[in-house]
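Just below is one structure, and these are the notes that go with it.
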Amino acid sequence: MTTWPDLAGRLDDGVHVLPVRVYYEDTDFTGIVYHGAYVRFFERGRSDFLRLAGIHHAQLQAGLSGRPLAFAVRSMNLDFRRPATIDDVLEVRTRLSDLKGARIVLTQEICRGEDLLVAADVMVAVITSDGKPTRLPAELASRLTGL
Amino acid sequence: MTTWPDLAGRLDDGVHVLPVRVYYEDTDFTGIVYHGAYVRFFERGRSDFLRLAGIHHAQLQAGLSGRPLAFAVRSMNLDFRRPATIDDVLEVRTRLSDLKGARIVLTQEICRGEDLLVAADVMVAVITSDGKPTRLPAELASRLTGL
Amino acid sequence: MTTWPDLAGRLDDGVHVLPVRVYYEDTDFTGIVYHGAYVRFFERGRSDFLRLAGIHHAQLQAGLSGRPLAFAVRSMNLDFRRPATIDDVLEVRTRLSDLKGARIVLTQEICRGEDLLVAADVMVAVITSDGKPTRLPAELASRLTGL
Amino acid sequence: MTTWPDLAGRLDDGVHVLPVRVYYEDTDFTGIVYHGAYVRFFERGRSDFLRLAGIHHAQLQAGLSGRPLAFAVRSMNLDFRRPATIDDVLEVRTRLSDLKGARIVLTQEICRGEDLLVAADVMVAVITSDGKPTRLPAELASRLTGL
């Protein structure tokens, strides 16, 4: 029995969907959501996408796949189309777009109902504890591509 | 049908319980959760406690109860007992402790399973759009005390 | 006499340079600066770049240029090259790249000494209080292009 | 020659004073500074107070004083009196109030000109890398009390 069934979102035909509530902390004095808050929302989506694939930050860092690994964002293209406001429930949608060696490319969207608010292309690298890029272990890679 | 049943948490015998996941954004270089992140978690708990009582920030600000109102934190006593770490699922527990005129006092806790990590006493004021304290409208007050 | 001479940075041949210190709040559990923190640093750079041009958010919102105006980020391309760590002093460098009607394009860099850590191209729109894009008032535009 | 003379603030008769600018990231939809932002401002004040005493987070963590040490906030009493708004320049004032074994007590204020906006009493512990409280090395302690 899981008490909070959807806390890490759900996978829908290869697309990970995470609900996110807009709180005080996410807004700014212009009355809408601060653009930097979406960057945090996208990261939550990526983390829970990986989580549902069985990939956990704490385990990676503890070296469960042979040596300590972490993810680092290498590039991000953000397109802000419409604003969100306090109390909104948004959905962060995350899809694997490409996976090659140390590079993972994800396509992400933040929507409110049918409306696309923010779109992002994100390239993430797998790095060792001294910051060097390294290949994602094959077993983890197959979990991602198998979603 | 609600797709995300527990997104705003639930009320359990007068205590509001909100699950919160620890993400990258909440941690710092010492490897644990940044103390300021708990302050954000507590605010999420208060917002969703009010939400389940039928009190919404957006409606308050739009003047639905006669004139624009908002909540402002007046004081906060924080006791940090144990650290949380990345990937943890925490629970923010919020209970109304006192309600008098413009002042609302809440007792809050952040727990991981049975462990109490952070405790807080928070005094919140109801304010008008020019920052003056004002009595919480009777109808909203009775919703809170009736939980 | 200004007590804190460089708090808003300085202009150096058309390039605005703002020093930024890395604090606890900017780092994450992997030991380095959280990628979302650079997005906040870039915004500080843009705000102080505008400030030195005599353009203040508070005045814009108060309608000093005829009606309430604000800036909204429309798109952002981020390239993360090297990580920063706790206690680092970084420089945010901001340069006007294009200004046409409601659109302002800025080129930004975050450096540590001679090293480029993060690069960004940012498109900002001038919007009215109901979110509609509008031309930057001519007087403000000339202040920007005159730097 | 230091290019940014006051970036870490200054000591004035035992009181550390750090200027802090209010940016977009620090405000919320009610138009004023988010209460959690002051918690970050206080931490910046404490970090730079320690910095001017010659105590650096990066060096502590690297084990320069014998073994890896860090600071952890144990308790915090916050009193929010008046709001700050976008573009404000605030001063964070930090004073050592008590130092005994593993515990450091600091009295902090955030002011705008002569006005006190937020007051805080903060208890900080010195901890080892496994989170155990430990005495601040005598040499560092004497640097703090000698300010």
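Lettered A, B, C and D in written order, each chain numbered from 1.
Here, a residue touches a chain if its C-beta (ideal position, glycine included) is under 8 Å from a C-beta of that chain, and two chains touch if they have at least 3 such contacts.
The shown structure was predicted, so the numbers you read here are calculated from the model rather than taken from an experiment.
With over half of the numbers shared counting as same, classify the chain A/chain B interface as same or different.
Same-residue interface.
Among all chains, whose Cα centre is located farthest from the one for chain C?
Between chain C and every other chain, the largest centroid distance is to B.
If I rank A-C and B-C by number of C-beta contact pairs, which comes first?
So, comparing the two chain pairs, more contacts are at A-C.
Centre to centre, by mean C-alpha position, how many angstrom separate chain A and chain C?
Chain A and chain C have C-alpha centres separated by 26 Å.
When the C-alpha atoms of chain B and chain C are each averaged to a single point, how far apart are the two points in Å?
Distance between chain centres: 32 Å.
Mind pulling the residue numbers of chain B that touch at least two other chains?
24-25, 29-30, 32, 36, 40, 43, 57, 61, 85-86
So in the complex, which bits of chain A are touching chain C?
The touching residues are 29-30, 32, 35-36, 39-40, 43, 57, 61, 70, 72-80, 83, 131.
Within the complex, which stretch of chain B touches chain A?
So the residues of chain B touching chain A come out as 3-8, 19, 21, 23-25, 40, 43-44, 47-48, 51, 56-58, 61, 85-87, 89.
If we count contacts the way the header does, which residues on chain B are in touch with chain C in the complex?
For this pair, the touching residues of chain B are 24-25, 27-32, 34, 36, 85-86.
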